[in-house]
Structures are given as C-alpha cells and as structure tokens.
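Each of the two complexes below includes chain A, the first together with chain B, the second together with chain C.
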Partner chain A sequence: MLGLCLGIACEREERNFQGIPPSASASMPPVRESELQPGPPTRSAPISGPYEENAYGVSQGKTLYNQYNCSGCHFQGGGGIGPPLMDADWIYGSRPENIFETIAEGRPNGMPAFGRKINADQIWQLVAYVRSMSGLLRKDVAPGRSDDMQVRPQEQSTPKARPVHSALPPASERQ
Partner chain B sequence: MLSQLGCSTKPNGPAESRPNQQTTTLPARTTRDTVSTRRDTVPSSEDDGQWRMPARNYASTRYSGLDQITTQNAKQLKLAWSFSTGVTRGHEAAPLVVDSTMYIVTPFPNYLYALDLAHSGALKWTYKPSPALASQGVACCDLVNRGAAFFDGKIYYNTLDAHTVAVDAKSGQEVWKTRVGDINKGESTTMAPLVVKGKVLVGNSGGEFGVRGWLTALDAKTGKLAWRAYHTGPDKDVLIGNRFKPFYPQDRGKDLGVSSWPGDAWKIGGGGVWGWISYDPDLNLIYYGTANPGPWNPEVRPGDNKWTAAMFARDPDNGEAVWAYQWSPHDLFDYDGINELILLNLPIDGKNRRVLVRPERDGYIYVLDRVTGQVLSADPYGYITTTSGIDLKTGRPREVKEKEPQTGKVVREICPAAPGTKDWQPSSYSPRTGLLYIPHQNLCQDEEGTGANYISGTPYVAAIVKMYAGPGGHRGEVTAWDPVKRKAAWKITENFPVWSGTVVTAGDVVFYGTMDGWFKALDARSGSELWRFKVGSGIIGQPVVYRGPDGKEYVAILSGVGGWAGAVVAGGLDVRDSSAALGFVNAMKDLPQATTKGGMLYVFSLP
Partner chain C sequence: MSAAGSLLTLVQQSHSVLNPAGPQTRMIDRLWDAMYLTSIVVFVLVVGALLWSAFRRRAIDDPPQTPAREQSLKTVVAGATGLTILVLLGFLVYDVAVGRQITRNPGAQALQIRVTGHQWWWEVQYRDSIAKDWATTANEIHIPTGRPVALELRSTDVIHSFWPPDLTPKRDLIPGNVNSLWFRADSAGVYRGQCAEFCGQQHAKMGFLVIAEPPDRFALWLARQRDTAQTPTTDLTRRGQEVFLGSTCVMCHAIGGTPAGSRIGPDLTHLASRRTIAAGTLPNTRGNLAGWILDPQRIKPGTRMPPNQLSPADLHALLAYLETLK
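Let's turn to the complex of A and B:
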C-alpha cells in the first residue's frame, strides 16, 4: 500500500522535502520590472519558482498565506486593502521572481516587506500559491476546495487569467 | 473664541479682526441653537451660514438654519459650480465653509484645497502633506478621510499616515505637523478632528490591525500633546480617576481595561476612535464611542474587553473620564461603535432631559442621559437577529446564543452585518420637525472564525465574512426617527447602502446621496422626494449647506465612491471572492456596473 502511494506520488510530482536554503534569495539575479529597454533587445531567462510543479509546496503556500495574514489584505484572492490576486492584473509582474520580490522586499504603496519575517523557502511556497489563485499553475498542482466557508471558486476551476502587466495607476491608487 | 464657534453676528467678517479670541467663556448660542428643546425653532437670522466643523456644531445636529431652499422650490435646484479633486478613492469628507472660502480634504494623499466662493469656487491654494505611501497598507477600508475642522484661523485635519496637521486658513502654509501614531503598529488616522477649548481631539484607526486604541488632545497652537487616553489597559492609561462614575455596576472596578482581557491581549485589543466626538459646553464634557475589539473572532479574547465598543464622557481639559458605558461588552460582530452622538434636550416621561441620541451599529437607537450615562431607551431601527433587545436595568444587550461566531463553524444570518445597521455615516437632527434623519444599511452576513496570528503592521481579524442584503433585498435605508415617540416617522429604501451623511435645513429639506450617484432632496416631514441630480460617481460624502458671499443658500456634496462599502469600485476588487474587503464585496457585486470612481465636488443653488 505504502509502495503504491509512493509510486503514484512520484509519478505526479517531485517532492522536495528539504526545500531550498533560506539564503537562496541572495543569489537571485536582478528582477526586471519594465518591458521597455533602451538599446538592442535582450532577454533575461525567466526564473522558475521551485514549487511551481509541487502540489505539496503549493498547499503549504495556501496555509502560510493565511498564517502570515496575506489573507487579511488580499482576502481569498479578491483583494481589499491590497489588490486582487485572482485576476489578470499584475501591477508588479506575474512571474515567480516578480512575486518573490514583492513579498520579500515589499512595494511602495502599502505592501509590507516580509523578507525579514518569512524565510525564502516559505516565500517560494507563497509565490506558487499566489500564482495558483489566477490559474497560472497546473490544475493538478493547485490546492482543492477549502474546508471552511466557501467564498470563491477553488483554484483548479479558476480559469487561467492571461497575465497583464498592468499600467501603473496613480500613486494614490497603487498598493 | 466666538468666531471659532460660528456664532458671529458678522458672518462674513474676517476671523482675525475679532477681539479677544482667547476668551474662555464659551458662547451659549451654539448650545441654545442646537441643544434645544425639541419643538424650538432656530430663526435663520441667528445662523451665520457657515460650516466650520463636519457636524456643524458641538451638538452634532448637522442642522442648517438657512431656509431659502424649501420643500416648495427645491425642485428648481441647479448646479452652480463644480470642482475636480484629482483623487479617485472614496470621498467621505464634509466640505468646510469659513467666511468666503471652502476647504476640502481629499482621501489619500490627503490634499487640502481652498476654493474661493466669491468666484464660483476658483482654486485659491492647495496644501499637500505627502503622507507616507506605505500607510495605504494599513487602511482597513479604502483610503478615506472624514474631513477637517476650523479653529482660530487654522484648518486642522489628519493624514492617513497617523499625522495631524494645522494649516493656515488664509495662506495654506503648514503651521505644525505632529506624528500621533505609528503605521508599523497598524495605526492610521481617518477621522475629522474636533477642536474644543484650544485642543485638537484626534483618535486612531486600526481595529483590524490590533492597535491599542486612544484619543489624544493636541494643543491647537503648537501641536504638542496635551493628553492621551487609551481605551485598553490600566486605569492610569485610560485616564480613569476619582471623578469616574459609570452608571452600571459592570463598568465599575479597578483596571478593568486589563482584567477583562486574557493575558496581555489588551495591548493589541483595538478600541480606536475614528468617528465622531460631540461636546457639551455647559457640562464641559466630550462624548465619543470607541471602536471594536481585535481580532473580530471573539473566541480569541474571552472577557468583556474593556473599553472597546463603549461610550465615554470626558473632561476635555485633562482627558479625565467622567463616565463610560460599554454597550457591547465582548463584542461579537465588529459592532465598531464610533457612530455620531447627537446632544439634545428632550422631554422624556414628562421631564426635560439632557440626552445623547445614538443610532448604534447593533441596530438600536440609544437615548442616554448624558449627565449620568444611564440608558433611557434603546429601540430597534433595523432588522436584528443577533440580540433580542437591550436590558435597560443592566445596559447589556440580550445576545442570541446561536449567532455567536465560532472558530471553524459557519454561523449564518447574522443581522445586522459587521458595518451594523449604521456605520460612520452621520445623521442629522431638525429642531423644527423633532426628527433624526438616519442614513443606514440593511445587511446581514455569514461568518466563520479562524485562527488569529498577530504580526504587527498586518491585519488581525481572524474571521471570514460574507455579507448580503437583509430582508426586502434592498441594501440601504433612510429612516426619520422620532426620539421622543421612539418610533420611525417615515422610512425610505435604497438599492445600495446609504453610505453618505444627511443634512437637514430650516426649509425642511433633507439632503443625502446614493452610491449609484444620485444626490437627493427629501421633504423632512413626509420623506417624499423633491429633487434629484445625477453626479459623476457614487456619493459617500457628507452634504453641507451654507450662505454664499452673494447671500444665496448653497448645498455642497463630494462625489467619489469608495469607503468600505464602495471598496469594490475604488480598489478595483474581484467580485468572485465573496470574502473580499472583509466580506463587503459579496453584498456589492453589482456596484461596478452602477458607478465608476472619481472625486468631484458639486455645489447647488436655486436659479
């Protein structure tokens, strides 16, 4: 039975119980915020979050999302104090490295800098969960229904919202 | 001092020219005008036509003695002029009118505009306080500001990042700026200050961030701290001393602000002040209510949680508490009691009583003896499932056990919902009709308590909430309430919550606005609609009435939807999440189809 379970789990995903060391963020290359680039165009290789394909990590991210009070501002993805996370608009970018930066270093219009509170491994789990809210992860990786009050569609049924790096609203409106 | 209270017989004279401004005797006229027996009328000749504090007077009646606009001619009202604020968050402030200048405070970033009333509101100057951008992250419910106060040649107001500023009313130059709180503790400031006897009274917002609530008095001249009264913790911090004589036994005892909490929870227990303060010059007492305890999930904080969800009477000179009444001990539903308190003298049971009237969050209109703090009556003005009444012997609500929120369990049909039957939006009172004009909502909610984790500077709520319309399906009401007969004279319903204030005039006209952008005039006696005008964005502001330099009566209102109720539009929230904006989004899913954001002032007059 145990073997069977392990077998299924291994086919489905690679479980990384060790996690990446908390210091990993220090080695991250600079994250680009603008599509506009003077001179000849170059591409920087996108950085894949370590938990993008890892259901365990994403569900850990969901737990942390509530425990670190992310839900206090962004609620279950619809937003309130902070902007929505389940829609297509990404003020500071939708790529894993953008979201990592947002959580670790904060953003000027109210997003706190959690980098000294949450270790890098947990931030990457949060990144994966945040991306799942708008359907950016595989359906079989995204967490299922919540056990508590049903207040929004579950991640697997969230239609993929094509990310828009949205035009920055005036300072008074940004979060 | 005379001029500062708006009682001058020379309404348009410059304030600076008046002698003896520091006289300490307060003129009785404001008191007589407004803290009057209920059938008294206020001749308009006694009214200087100005509007120097959001509630117009210390009794907070929002009654204008002007009577050019009447029930007969209100249908002829026309737009006189308008002004764009350039800010798109929720505009909750009341414009001020001092001499021939209007002052407007915008939502974050809290610009202060001075407009020349002699020239159709031409811009005189702009003051920009540049509040910290990060403060947007600790404002629970949109980035609102509820207005300014004028006193002694200066405009006083709060900025979102927990600072109070004094600005020279003539030049627009900053006179002083005082930091009163810390955004890293979740503190912000959104209320309009009240200036009493040379002291600027301000309180903190942040009941959803685990702040420790307080009311502070700053010296109006220097901005230096005069006193601070906390609303949790030991008596010496709450400024409870020998003069403290609460009416009810449960409010008596030593250090109840500590013992009514588990462990150190009082240090992050909420109880801020972000609403209204009234002042009785005869008794020399200020009156105000304290906000909800934190977190919302009540299971985390067993005990009465004093002094959250309470009312205080204090001496404005030193802050000393004279009485307190905790109307919602161990508050269960975020009944965040910062609502307005209207000071009236009413004939009750054959006796003329000095009372305060308060349409409360929990759905009852409380009438208290404002000398003693005794509850004289508490009658429902909306649909209530959470309590079966208020026990007048003990002053405590009779709570319905099944509605108590629990961790991990969904409790349904909690009515009224967290914003209460009425939130911050202030009522008005006409001594001519004896009626209170209450703008409010009709909302219920489902709630589930969750685990609480306090991290300073982040929300501390521990509840998932989902609101919806109450019985009837409409979400807003305006109720005209007779506090002597203790019943509604009339009631009208609105599709959306009525999140704007009301104002009433000696012409017996009531003004208010709707969240889908209608500014309306009602007959104060019947409630029938006299006139309406479609403005650019939904209205959540406070209408004011004034006499222009040309002698005409004007009505002014800020449009610009937002606030907690309008956050779905102002913040661009996603309506698929029913819990968004503390559950308010679920009740407002259709608002984005009804209005867009954008701040604009509208001023109306007869042709």
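Let's turn to the complex of A and C:
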C-alpha cells in the first residue's frame, strides 16, 4: 500500500531544471492543424508534451502564464483581447504540438511569436497549463489552488472538455 | 571593479551577531552578554554544589535526621528556587524592555526603502515622492551611516526573512502582507545578510549586502541609481544591447531607458555597479557573469533563470554591454 502511494506520488513530480535553450527550439518537426492534405492519408507520430503528466511543470506553467503576460490578452482563461482558453473551442488545434507552435511561432491577428524569447522547456510548461484550463489534463496533475482569488473554478475541478476544431472567425469580426 | 577587488570585498564583509554595528543589535548583544555571564555564574554554583555534595566526607556517627535539620534543608531549597525565579523574571523584564526599544518608531527622518523577497533574490526600491524617481536595484542595500532606515518588507511568492545579523534582528517577509523594520548603521562597512526562513531549493543562496557609506557618498550613489542606463557608444556594446533586447533576457529583466521593462527578475539598469550576482552567490566578474548567463542551473539549481544558448560573438557583445551598466 505504502509502495503504491509512493509510486503514484513520484510520477507527478519530476523536475527538470536544465531545460532546452531557445535557439535549439526551432527544430520542431512540421505540425499539422487539420486532417486535410493532398494525396493519400499519411499519419505523423503525435508529439506528446513532456509536462502533460507532471504537476510541477503545470504549476510552473501557471506562474509563467502570468509572469510572461499571457493574461494580458487571454486574461485568466476567459479571453478578452485574445480568444478564451478555458472553453472547448480551438482555432489552431488542441494537441500539445499545436499549442506549442501557436506560442513559439505566433498566429495572425495579434498572437506574437515567443519562440526566440522563451525557452522550449518553458513553452512546454505553458502548453500543459493551457491544456489544463479546459480540463484536458489528468485531474491529479492540474493545479489545485491559486495564489490569488479567481472567478473560475480550479483547473483541477474543470470538467473534461471535448475539443472542437473551429474555423477562424469571419473577417468582419477580426477587425 | 576588478576580480581581485570583488573577491576582497566578499572576504571583508561582516556576518556575525557578535559584531553589533547598530543600536538595536548592540542592545541585543548586551542582553546576550548578561544572559551568558549569569548562566556562567549559575553553572559554576550548581556544579560546585554537586561536587561538594558528592565528595564531602560524612562523619561515621552522622547525626540522624532531626526536625531542625529538615527545616534548614527546606529553607535552602526554597531560597534557591526563589532566586531562580527572580533571575528568570529579571531576564523577562530586561528582554521585554529591549524588545520595546528595538521596535520603537524611528520617526519621520528615516530613509524609506522597500524590500521585496522573490525566490531567490531581493528587490530593493528607494522610494520618492515622484514614482519616476524611484531607484530599483537588487541584492544590495546602500544606506547612509548614522541615519535610521525604515524598511517596508513584502514578498511575491513565499515567506522569506530579512536578516543582516550585524544590524538588525530577523523580520519575515510575508506574501499579501506588509511588514516593517528599522535599523541604523553607526559605522561604514559592508554587512552580509541572509534569508532566514526556508523558502525553497535555493534558500541558502539568497544573500544580500548592506553597504553603509557616509551620507555624501550615499547621496551620490542614489543619484546615479535613479538615472536610466548608459546608452551604448561603441559598435560592440550596441550589438550587446541588441542581443539583450532580442533574446530571452528581455522577458524577465528591466534596463531603464530601453524597452526592456519586465519585473520578474532583478533590475539590470546598474548591474555593473553591484558587487555580487545571483543574490550574493558570486562576485560580479565577467567570467562569473558569462557562466551565470549560459548555465545558471549549474550554479543555483532550480533558480528561475533558464539556461541560454548564445554564440560566442553574441555573448562577448552582451557581456561588454552589461559591463557598461555602471
């Protein structure tokens, strides 16, 4: 029983301080956003974020989310200047590699490219945190408390969303 | 500052509760001396009584217990107990009196400084009536000698504790709460301080320096700290500034007078004027700075600063630029 408890506890808390320097992060394989493609269907191996099952990494992501001012546009997940992150709707894909690319390369209509400014390791932590906001991570990995008062429930108690791959908003809305 | 000079400063700094340099630590030092000397007297008396009772010779025809002898023994024990209580009460009164004197408000002429604890470094801000004139530095508190300094203590993450043992007793920095503390340095010198509340992995390497200077030298220092950073003049330093603004540095650090304005890491506007880097961990030399920029996790594992990969030419330019930030 004790061994079982210890085994479960260890899995959530792996820490990696060394990180990957930002200039090494440009070598990501091309990431696809949809199933549409010319020619016969080919499947690329899905890239899994290193912090998807790591409570420490997700909580670091939560700290960085505010420190790097993601909250300046996306607010605490509800969206404002940028689109909301806590709903099931994903414009550029919900998989970790899609979100990595969104942060690293930027997106049209205002999302800056953070690729050369944040190291890859921290981007992966942000990716894991962004996914936890709409309940895409395991409950015991998602953050369970905030340092400040929040108007939304904890990431841990967010119901698991079924990601919807929506299109870009019409041009008139984008102005 | 040369490497040898920096090393010398690190050696010369004082970090001892037995070397009081301010009025409060002097009071505490006297209280400690009083307790120490009294304890020596008590220890000698107790051990003496014990040895005397162990080694005294009993007469063969020792008289049996009598009521009169019993009574005299009771008087001795009651007297010793009463004396112990009196000594302890005396210490209590002395201790409370010292505590009250230490925390007394220093008055309006005190210099106002805000100290914010971060994992794992100290942010130091010299307040002014105009917000633009606030001077921000890190891990180094310059103070004028002979003038009380009132600190406003804050924390952004966990509980830290501010403790330069030569100058003042400890005071905690509590997130969401503002604590205050005052002290005064009577003689010029470099006093080392340390975080005294376990605050995470690099708690032990969260040090700072208090540098007490004559008031005129302090005023000069403060005037320079209020200035924005020097504009780069050579091609190399201009390239260094571009490297700084175009890489990861700019996400966390601020340099006054440039677009870099982030407040997550220490303010670097006058980095070259500081004696240490990484919160008192290393002397501020070019080699240490290069090592710190490339792989801070090897020097302080767990620190918030990520490793950086820079080409040798970029690193050279960046270091040249950082060295101009006097």
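Here is the rule we use: the second predicted complex is superposed on the first by the 145 of 175 C-alpha atoms of A that agree within 3 Å, B and C clash if a C-alpha of one lies under 4 Å from a C-alpha of the other, contacts with A are read in each partner's own complex, and residues count from 1 in each chain.
Please note the rule applied: contacts are C-beta pairs under 8 Å (C-beta built on N, C-alpha and C of every residue); 3 or more make two chains touch, one makes a residue touch a chain.
Just so we're clear, the structure is a prediction, and the values are computed from it rather than from any experiment.
Enquirer: Thinking of the overlay built on chain A, is A:128 touched by chain B (first), by chain C (second), by both, or by neither?
Expert: In the superposed model, A:128 contacts neither chain B nor chain C.
Enquirer: I'd like to know which partner A:152 touches here: chain B for first, chain C for second, both or neither.
Expert: Once the two structures are laid over each other on A, A:152 reaches chain B alone.
Enquirer: Have a look at where A:86 lands relative to chain B and chain C in the superposition and call it first, second, both or neither.
Expert: first
Enquirer: Touching A:104 in the superposition: chain B (first), chain C (second), both, neither?
Expert: After superposing on A, A:104 lies clear of both chain B and chain C.
Enquirer: Name the chain, either chain B or chain C, that contacts more residues of chain A.
Expert: On the superposition, B touches more of the residues of chain A.
Enquirer: Is A:116 touching the first partner chain B, the second partner chain C, both, or neither of them?
Expert: second
Enquirer: Of the partners chain B and chain C, which touch A:77 in the superposed model: first, second, both, neither?
Expert: first
Enquirer: Would you please give the residues of chain A that touch chain B in one complex and also touch chain C in the other complex?
Expert: Dual-contact residues (chain A): 67-68, 117.
Enquirer: Which bits of chain A are touching chain B when the two form their complex?
Expert: 66-69, 72-73, 75-84, 86-87, 89, 106, 108-112, 117, 148-149, 151-153, 170-175
Enquirer: Under the definition above, what is the set of chain C residues touching chain A in their complex?
Expert: 157, 175, 246-248, 250-252, 264, 297, 301-303, 306-310
Enquirer: Quick one: which bits of chain B touch chain A in the complex? Just the residue numbers, please.
Expert: Going through chain B, the ones touching chain A are 87-89, 107-109, 133-141, 143, 208, 408, 410, 446, 448, 450-451, 453, 455, 457-461, 464, 466, 567, 571-583, 585-586.
Enquirer: Which stretch or stretches of chain A touch chain C in the complex?
Expert: 15, 17-19, 21-24, 67-68, 116-119, 121-122, 147
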